[in-house]
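What follows are several structures.
Two complexes come next, and they have one chain in common, subunit A, joined by subunit B in the first and subunit C in the second.
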Partner chain A sequence: MNFEAIIGLEIHVQMKTKSKMFSASPNSFSRMPNTEVTGFDMSFPGTMPRPNKQAIINAIRIANALHMTIDPLVRFDRKNYFYPDLPKGFQITQEFHPIGRNGYLDILDKDGATKRIHIERIHLEEDTCKQIHFSDYTLLDYNRAGIPLVEIVSQPEIHSGTEAMHYVEAIRNIAVYSLTSDGKMEEGSLRVDVNVSLRPYGSTIFGTKVEIKNINSLKHIEQAIDYEIQRQRACLLSGGRVAQDTRRFDESSGRTVSMRVKIPAVDYKCFPEPNIVPIRLSKEFIQEAIDSCPELYEAKKTRYIEAGLPSIDADIILSNLDMSLYFDEALKKCKSAKTLGNFMIVEVNAYLNRKGIGIKDYPLDPIALAEIANYQEEGYTHKQCVEILSYCLENACTPPADAKRALHIEMHDSDENAVLELVTQVLNDNPQSVADFKSGKDRAIGFLIGQVMKKAKGKFNPAVVAKIMNTEIQKR
Partner chain B sequence: MKGISLDVLKDAANRLMFDMSEQEYQTLLVEFKSLVQQMESLAKIEGLENVEPMTFPFECSTDYLREDVAEEPLPRDEALGNAGSISDGQIKLPKVVL
Partner chain C sequence: MDYLDMGIAEIHSALVKKEVTPLELARLALQKAKENKENAFEYICEAEALEFAATLVEPEENNLLWGIPYACKDNFSTKGIPTTASSNILEGYVPLFDATVVKKLAEKKAVLIGKTTLDELAMGGTGTTGHKGTTFNPYDPDHKHLIGGSSCGSAVAVAAGIVPFAIGSDTGDSVRKPASYGGLVGMKATWGRISRYGLFCFAPSLDHVAYFTRSVEDSATLLNALAGRDEMDSTSSFQPMDNYASGLGNELKGKRIAIINGILDTIRNKKLISAFQKSVDQLILAGACIDYVDFPTELLHAIYPTYIVISCAEATSSNANLDGIKFGPYRGGATYQEVMSNARTKGFSELIKRRFVIGSFALMSENREELFERAQKARARIVQVTNQILADHDAIYLPASPSTAPVVGGSSDKLSDERLIADNYLQIGNFAGLPSITLPLTMLDGYPIGVNLTGKAFDEKNLFGIAKSVERITGLEGLDVNVRKEALL
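On to the complex of A and B.
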């Protein structure tokens, strides 16, 4: 029997606002536990929630990027439960009136075709405190309690681990490029809960749903889901029943492991939050939130490709927001996006890896890098430009023009007639090498190019010599 | 609905970990009786089941939103002042996993 996997995802995006969702407590990553809390976060009597304007702007931007209907009346509700991760005894969320409804996101399916995933809702809520569990006690750090979250709930339209991975990646790109979140799964600022169930193809009834929690990378999402599909299929084919449990992904074995049997749905007795009067957002406010949204990943990628950057290079640069911001600055002054991209991906990345630093700490400013990339466009060889770049970095960011002078670097002569003359001469003088090349000894052409460069005393552009040599040798 | 008796009030006070004088219990009992009577009167109004419960006394909205500016947090000692047990600047309690 063939089965179809039904996968639904709930994504929690932690916002990098300056303050929390309902209190003015700082929202920054602090190593000292319980130092970023106010009376409201600790539920001190008399404290009242005050919704964060920027958090609502961020949610509007995400809703717009996901093509959602935005509710101009922002309302909050109480989700009641008794657990120490929120000392109020309830979480303030948007149970009844999410800020965004009925959206979609286009992703690539496992065959590389575009597929539309519908998104049921996004809503605002507050994060809970961090709990560290030991063998017989638990420690609570309330720094995280109250950090603004956007929860994004997809329709169960995803059918494979690869699709799920692409979906989460696209959501992460929206969150990162709208400056809503740093989107770091490994640090918990983007958290994914996955629901997986199987049903026979053609059936309209959902199978038993298994939840997988605490997946901390995109690759692990794909692996966890693919493993879980195989596990459930094997269980059903052997006549077993899939247990409704909550599982986690074990990275070392690549398997999902049961954490606990799912308890029946808790009745949270949700009701409208009486301490927050509904907030009416004007059309102008919503439009301004959308218009002021920074350029998103997909738009940037399209722009880069139109500027001449290969798609793969665009993805590499866009995989790091700071890298793309640096690239944007340099591109304003650079004649070739492709050459600049090549410098960023190879030379700049190699330097960053060697020094163990990020692009924000790269010593050379984007304009200087653009200047060096432009030298290549003007006719200097890549090797010469790399020498200039190295000199700049090793000499307190000397301006590239000064570095070029200091290194006595001169532009190679690319006069094709002059090159052709010497190439012809060398080919005539070395018939054996020509014959060797013709008989399959590729190295012979290197010798011939070397002879031309020697006669030209290194003044020719090697790329031009190689091109003409290749053309001329084929004629013989 | 569970009737409000002296025992119920004392049990509730005990669960909430506070106590009152006998006179205070008596006052509260009288006030509760009055409240229950008012609820019973309201329940007699016809067509009440078709009325949506209200969260606010008026259908109103605001456009106020707090600017995203961080303020000085509580000193940690003050934030943890009500905790029964503290370890490494964190609240310590018996293990609880949901």
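On to the complex of A and C.
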């Protein structure tokens, strides 16, 4: 029997707003526990929620990027349950009226074809506090309590681990490039819960749903889902029944492991939050939130490719938000996206890796890098430009023009007639080498090029010399 | 009779003339508080009050509240001052911040002399369910009569002349009902007019900051001090403030006042009806236009169940923060469930638990539509009818309670129309968030009883004007146990 996997994803994106969802407490991801807490975050009696405007703006931007219908009346509800990480005994969320409904996202399926995944809803809510468990006690860190979250719920339209991975990657790109979140799965600022069930092809009835929680990388999403599909298929084929449970992904074994059997759904007894009156968003407010949204991943990628950057290079630069922001600044002054991209991907990255720093700490400003890339466009060799770059970095960010002067770097002559003249002369002067080349000794051409460069006192562009030498030697 | 039995303006005048100092007033209020036998106080802020009062030396002529002692219900957060909401679950809780109203009064240099008793967590109307036991009516030295609740201690503090005003909260009628039993002016403004920041949430959609005074003038003075937008309470209104005392001299001529037949008709006390009718006759003589209006009976019957469902549902959620983990007594347990269960089992009285169970039951998915959503619909209809009446009228006028102070341990027919309707209709003011003021009507057999005026949203100035006219008719301005008066009616 052949089975179809039905996969739905719930993604929680933690926002990096200045303050929390409903309190003025700073939200700067402090490592020191319980240092970013107000009375509201600990639910002291008499404290009241104050909705965060920037969080609403961020949610509008994400909703727009996902082609959703935006509800101009922002309403919040209480979701009631008792748990130690829930200070108020309820979570303020948007159960009844999510800010965004009925959207979609186009992704690539495992065959590389475009596939549309529909998105049911996105809504705003607050994070819980963090529990740190020890053998006989548990500590609570309220820094996380109240951090704004946007939850994105897909329709169960995903059918493989690869699709799920592409979907999450696209959502993460939107969250990161809208400056909503740093999107770090490994740190929990983007959390993915996956629901997987199997059913025979053609069936319209859903199978038993298994939840996989807290997967901490894109690759693991793919692995966890593919494993889970195999596991459920094997179970069904051997006549077993899939247990409704909550599982986690075990990285070392590449398997999903049961955490707990799912208890019947909790009745959250939701009702409208009486301490927040519905907020009416004007058309202008919504439009302004959308118009002022920073350029998103897909738009940047299109722009980079139109500017001449190879697609694969665009992906590399866009894999890091700060890298792309640096690239954007440099691109404004640079004549070639491709050359600039090459410098970023090779030279800049090598430097960053060597120093163990991020692009934000790269000493050279983007304009200077653009200037150096422009030298290459003007005719200096890549090697010469790299020398200038190194000199700048080693000498307290000397302006590239000064570096060039200090290094006595001069532009190679690329006048093809002048090159041809010397090439002809060298070929005439070295018949033995020409003969060697003809008899299959490829190395002979290197000697001939060297002779030309020597006669030209290094002023010719070696690439041009090589090209002409190759053409001319064939004629002999 | 001493300074503390006087009105705020009179005390202010004495302070400005330096006939008395804030420190002397605070000492007097503290002494009266300590001598009080009615169980009005949770905590008397002796050291804090004396220290603050001693700093008040140069009178502020334009600040009526300068140096005036007051009391505050113990469900308002007061920085550094124990606050229990009269519940064991908050025993030993010392808040880290001041409620906005407490902060505003401190800025006005009013002197907080004590935190007053209430029905546990403000849930109740009798003043008998706080962890310190029953609070009594000061009109009865034998302690056979109740003052009513839930703002029982604040009502006593003003009725017994301990302070000229006291802060309370009103979710159903928790200020306006005890005001009736204590011969006081009890006022709640439009929902959103006074910041609730720092008021312990009971049922936020119905909760109001409210307060007791002994005159309509003092009530207007207080609203001038307490009203206004507050960033800390996002439900507080941006509506500009009025000078609420500026309409006190208004004539009644041209004012349209509605009396709801279906409520008045359920009252069986003939003396009360007679006194009420006399006041109506006087209002007509003073130029008011009185209309007797109808209100659908099924909606009047729906008031109490609607209130119970909504208030209990919101209360069970709003008090879910009281789990013994963050503040209040920690009673141990092997698991988090046990820790919470122990704290809540020992921390709440049976009555509170019952309300939480009712609220939880109403919200359960299988009951939600039948109970919670139906209550919301009933509320919306009641509000709609009320606002229709107020579209043509300046105020609704009715007795504030069907009887004088109830007897301790007394029972009443809980399903009688009088009990269901006349005893609960003030909740309409909470459903609709309308300004509503109770003031004394008359004395019946030695006990005061009040009338209530409920007006249009944000029309407090007009409402005070009409209330002042009623007060002129009754002549009961400044009533307290030390200044006994008989109504002019």
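List of remarks:
Quick note on the criterion: the second predicted complex is superposed on the first by the 450 of 476 C-alpha atoms of A that agree within 3 Å, B and C clash if a C-alpha of one lies under 4 Å from a C-alpha of the other, contacts with A are read in each partner's own complex, and residues count from 1 in each chain.
Basically, a residue touches a chain if its C-beta (ideal position, glycine included) is under 8 Å from a C-beta of that chain, and two chains touch if they have at least 3 such contacts.
All values reported here derive from a predicted model rather than from experimental measurement.
Aligning the shared subunit A places subunit B and subunit C in steric conflict.
In the superposition on chain A, A:274 makes contact with both subunit B and subunit C. Once the two complexes are laid over each other on the shared chain, residue contacts for A:80 go to subunit C alone; subunit B is not touched. Shared-chain residue A:88: touches subunit C; no touch with subunit B.
Touch criterion met: A:46 reaches subunit C, while subunit B stays clear of it. Within the superposed three-chain model, A:379 lies out of touch with both subunit B and subunit C [touch as defined at top].
When the two structures are aligned on the shared chain, A:310 is found in touch with neither subunit B nor subunit C. Between subunit B and subunit C, the partner in contact with more residues of subunit A is B.
By the document's definition of touching, of the two partners only subunit B reaches A:54; subunit C does not.
After overlaying the two complexes on the shared chain, residue contacts for A:35 are found with subunit B alone; subunit C is out of touch.
After superposition on chain A, the stretch of subunit C whose C-alpha atoms clash with subunit B is 128-136, while the remaining options among 128-136, 182-190, 434-442 or 470-478 stay clear.
Shared contact residues of subunit A with subunit B and subunit C: 39, 42, 50-51, 83-84, 138, 140, 271, 274, 277.
The residues of subunit B lying in touch with subunit A in their complex are 55-56, 60-71, 73-74, 76, 79-80, 82, 87-98.
Interface residues of subunit C facing subunit A in the complex, by the touch rule stated above, are 75-77, 83, 85, 90, 93, 95-97, 99, 192, 196-201, 203-205, 231-235, 313-314, 316-317, 319-323, 325-327, 336-337, 339-340, 360, 363-365, 368, 372.
Those residues of subunit A whose C-beta lies close enough to touch subunit C in the complex are 39, 42-51, 78, 80, 82-84, 87-90, 138, 140, 267, 269-271, 274-277.
Residues 17-19, 24-28, 32-39, 42, 50-56, 73, 83-84, 132-142, 271-274, 277-282, 285 of subunit A touch subunit B in their complex.
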